[in-house]
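Listed below are the structures to be examined.
The same subunit A turns up in both complexes below, where it pairs with subunit B and then with subunit C.
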Partner chain A sequence: MSVETGSSTLDRLWAPFEAQSGSRRSLLLMSPLILFELLIFVVPFAMLVRISVSEQSQSLPYAEGTFTIASYLEVLQSGLLQGIIVYSFRLGIIATAVAVVLATFYAYATWRADGLLKSALLFSVVLPLLTTLVIKTYAWVPLLAPNGTANNLLLAIGLLSAPVQVVPNTLGVVVGQVYIVFPYAMLAIYSVLSTVEWELVEAARDLGAGRARSFFEVVLPEIMPGITVATIISFAWSVGAYSAPALLGAGSDRPFALEVQEQMLLNFNWPVATALSTIMLVLMFVSIVVIYAVLGRFGGDVSDAA
Partner chain B sequence: MRLESDRLGVAAFRLGYATIFVAMLLPIFIVIATSFSASGNLQFPPEGFSLRWYGAFFADIQWLRAFDNSFIVGIGTTVLATFMGITAAFGLEARKGRLGGLLTPVVILPLLIPPVILGVTLLVYFSALGLQSSYIGIILAHSLWATPLVFFVMQSVFQRFDWQLRDAGMDLGANPIRAFVHVVLPNVKNGIVVSALLAFIISLQEFVMALFLSNFQTQTIPVLAWNSLRQSLTPTVSVVSTFLILISVVGLAVAALAMNIDFVAKRLG
Partner chain C sequence: MSNITLEGISKSYGDLQAVDDVDLSIRDGELLCLLGPSGCGKSTTMRMISGLETPTSGEVYIGGENVTDQAAYDRDTSMVFQNWALFPYKTVLENVAFGLKMRGDGTDERQQKARDMLERVHMDGYEEHSPTDLSGGQKQRVALARSLAVDPDVLLLDEPLSNLDKRLREEMQIELKDIHKEFDKTFVYVTHNQNEAFTLADRIGIMNDGRLVQVGEPTEVYRNPTNRFVEEFLGDTNFVAGEVTDVNDQYGRLSTEFGATIRVPAADAVEPGASFTVSLRPEFMQIRRSNGANEREGTAARADGTGGDTVVGSVENTIYRGSSIRYVVDTGGEHLFVEQSVTDQTGIEEGEQVELGWNTDDILVFRPDGSRVRDE
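Here is the complex of A and B:
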């Protein structure tokens, strides 16, 4: 194909747009994504909510065309499901706290490093981030199981007298979940940190501030937007944790994601599964707004970090 | 005294990040090491060295089919997400408007919703449309996650571009599409390569949504890996995982060559 025909194809492509105004054109460019979000995100969620207020059915996943809030009452009144909701939030809070503190430290170290070391530290975060959840979760089994590497090592050097059951156990779930969210938290903080000028810290140190003080009083307020994003991401994903509790947890490690899956695929009780999902989404949304408001008071405009 | 505690502080600081560095890469190292195990136990350090689990992988039609499925879904997601992400970022760059301001938060939202809820929601929706367990369904689901990344990478790429160059091209008589293809595209093509790679890797690695939306015929590698893990821990899963890690490393290397690792890392955060 010659350059000429290529150009005339481009001219023909342009023809229908020629009459449009600038804002119409940019709307046209955005329309595939807008349409996609409407059809694959907004409408499906409307349907989810609709099913959650349908009656349960013996023979079908749900009774079409009915209306009742019975499934919501069932979820809110069941002690078992309340326990599951509480477990999800506790896991969310613990994993988030650990991940964000470690991520802030690691982001700071990466920011201060340069050359090959900086690239190595970034690589160590980006590679796990681009690795499937399945691998990130099961890799801990040979490491932390009672007959695994860590226990054998500690028994051999005499630091332990009997193996510790980290996996399957709640501690294993927390380790796995922190490992899953850490890269995202670290990069959210790092991307804000990299815009901070080191001279600011030097100035504070010249004025007599110690290492810790210059971090807490100079750096931390500057990177609060990144920490807020890191907290929100870690929290949302840890509350919704699925693979870490399923593979690294004991029978009592039961977050809502496992319950939803079971109600959906095993019990075919769609109203309860969707009602539980909706309740969790509302609770998570409220928590995120609270996190945003609380952390926002400590500094900066979060919108910088996106 | 001050110097002494300073040196101690620096040592603790280095030990701290060195520990995290090891902890981040150790699981990946373990997966690769156990894939060469000579025994059937998933143990680290592995007992002996052999390639028998690699042989078992290539002899298993189920794994090979899962590989094909992952590539079909991955390429579909890459095409769809890259197209929607680039056009939207370009439209937003030209003129924001009220709808454009609303688009950004809506595009981010799927990333914050637990994948199990997304999986359930789309399972219900696709069942009603007759798309359950289809490639199209999984591609659409993965695009919910891949498109935001393309969108944000391309937004920052477009922001760095000097739009006066394009205006100059148009002053010389090129229509906007021609100016885009001949002036803008050569300048942003690295950004497009990076976002397409990220979209592909995200699709390749995603498993919770795919778990809900696939069946025996259409299951992707992570889904099959998960299902076989739940039955027994064998080194075959490590073999498959090693391939997945390798693809990510190669993709990351290409992306880092195109844009540098610092840029890629910041866009992922």
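Here is the complex of A and C:
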């Protein structure tokens, strides 16, 4: 590793690191980040876990200094809370599958487009990121409501005979959640796709592979790292979805984030809220390891993904 | 039969005319090189044969069949790419078997064929390697095997050796020639390197600015170019401009930029007062020590009064080029260069007065627009 010569300040700053062995040097360089992680994530999470093994209290959010795993048993035995966990994962799987498939198509189209069309396609993806989550999620209500734009349009051209209840409904939640994660999924896939050489597709076609075949044989293995990242982002976000279910869902659309909020702020039952959070975190962690392992098997060196 | 006929094919991208009305007949089983500078349209022409590009106008026939509207995957052509375009997430064997897999061959059959083909290009033993682990030359062999494995009617090679170093490139040229003989297929080979074209080609098609300038056997295009571009592109040469002062029944008399008057052939095609450029190939000139005579006109003086076939000057530079020596000679402001085999051992050094001589019939004469003046 070398540092640009001529900048003596940099040289002086670098000198203490230069003396260290490789692993100690990287540890030193990472230390600000480690400190940040420790303060912002590890310490609060440890506090959260500590609360989750405290006793519940009538007058306080939780009983300090006590120890019990009662809240975990309560979460795992309650049919209501199990349903909430299952709902969260179902939403996560469906929204992720839809978002990643759409994002792959969209990224491919953007990759192949050029000039103004390419800029327009890219800009359209980034544009929603410039608006607040709540506003853009709410925007679906007038669009998808029973007397909203979509229903009126479909009724007018005769494709529907009666309005469809999309919002508030689970379908609306999925639409809203896909819309939220789509830009991130698309950009993750596009960033990898844009480095793929078109010549590979040409070589495949030249050797007799049709359009679809050349995509699955040549392009897909190449962009697997991007798809893996897109899947993990979409999945983690959708399982923990809050605004789409809250704004577009019916009463039965109840993912764990809403439940945690209610337990904390309305019921003042912090042990159950934190126990549910901890269980979800463990389940998410396991899911992500599984996604990583499964998607990594299909070509693509996942470790290349940033 | 896998002869190829291009009928008036053109390709334009917006305002850019990449290929302009090219007519070309490629014979069954021949190795034709498309040669030209970068951006001359040679690769685009080849891509239109492969089906990776569709002509803006014109027709492409392979084996007598009009394939203009056929997609690349429906054509019996196979292309070797400049950057090899090996599939990085497939093994070497999977790469070579890919075309056979697309064709629907069974696993055992295609793997056997792929192994045979790898053995033919001396890449046996690398079946399970990833292409990313291979050197440039090895990748080239695998790419060649992958294209040959599908047993195409036509093999298209797009500057396949340009990323290899000189020694490896020359080795691969010989091997490609052997493979061409062995497989007895039509090869179309795109290159910007005239030596490569001369080494490989049965015939060379020279392209410039999207147009096909000349097609012919290597000796034909070298000795008998249709215009100045071909003469210049196929090898180093001295261009000398001048004006015709006099014509007799056999030779014209050209008053040149460097003061000397020289004889030019094609007397019946040149007329007094017209400007021409002549090409003096460095290997067609001889260099010898001048016997002290300093007057330029003296060397040009001839009994028949038509000008000479020698010029005097002083050696400004000698460049050792391995098998030959190049002398740069100052002939009164203009520089000419001559190439002599090192075995000639002239012993001429820088600063010496020399005389350059040539055979008048070896001179090629070009009009200001670049077209060739032919001796009728």
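Convention: the second predicted complex is superposed on the first by the 271 of 306 C-alpha atoms of A that agree within 3 Å, B and C clash if a C-alpha of one lies under 4 Å from a C-alpha of the other, contacts with A are read in each partner's own complex, and residues count from 1 in each chain.
The rule is simple: contacts are C-beta pairs under 8 Å (C-beta built on N, C-alpha and C of every residue); 3 or more make two chains touch, one makes a residue touch a chain.
In this text, all values refer to a predicted model and were calculated from it rather than measured experimentally.
Once the two complexes are laid over each other on the shared chain, residue contacts for A:Val174 go to neither subunit B nor subunit C.
Of the two partner chains, neither subunit B nor subunit C is touched by A:Val272. Contact with subunit C, but none with subunit B, is seen for A:Glu199 once the two complexes are overlaid on the shared chain.
Of the two partner chains, subunit C is the only one that A:Val218 touches; subunit B does not reach it. Of the two partner chains placed by the overlay, neither subunit B nor subunit C lies in contact with A:Val166. Legend: residue contacts after superposition of the two complexes on their common chain; A:Leu33 is shown touching subunit B, with no touch to subunit C.
Look at A:Lys136: by the touch rule set out above, it reaches subunit B but stays clear of subunit C. More residues of subunit A lie in contact with B than with the other chain of the pair subunit B and subunit C.
Within subunit A, no residue touches subunit B in one complex and subunit C in the other. Chain contact summary for the complex, subunit B toward subunit A: residues 6, 9, 13, 16-17, 20-21, 23-28, 30-31, 34, 42-45, 83-85, 87-88, 90-92, 94-95, 97, 99-100, 103-104, 106-117, 120-125, 128, 140-141, 143-144, 147, 151-152, 175-178, 181, 201-202, 204-208, 212, 221-222, 225-226, 229-230, 233, 237, 241, 244-245, 248-249, 251-252, 261-262, 264-266, 268-269. Subunit A meets subunit B in the complex at residues 7, 10-11, 13-14, 17-18, 22-23, 25-30, 32-34, 36-37, 40-45, 47-48, 51, 102, 105-106, 109-110, 118-136, 138-143, 148-149, 179, 182-184, 186-191, 194, 211, 226, 229, 232-233, 236-237, 239-243, 247, 257, 260-261, 264-265, 270, 273-274, 277, 280-281, 284, 288, 306. Residues 197, 199-200, 202-210, 213, 217-218, 221-222, 299-300 of subunit A touch subunit C in their complex. Residue ranges of subunit C in contact with subunit A, taken from their complex: 50-52, 71-73, 77-79, 81, 83, 85-90, 98-99, 102-103, 146-147, 150.
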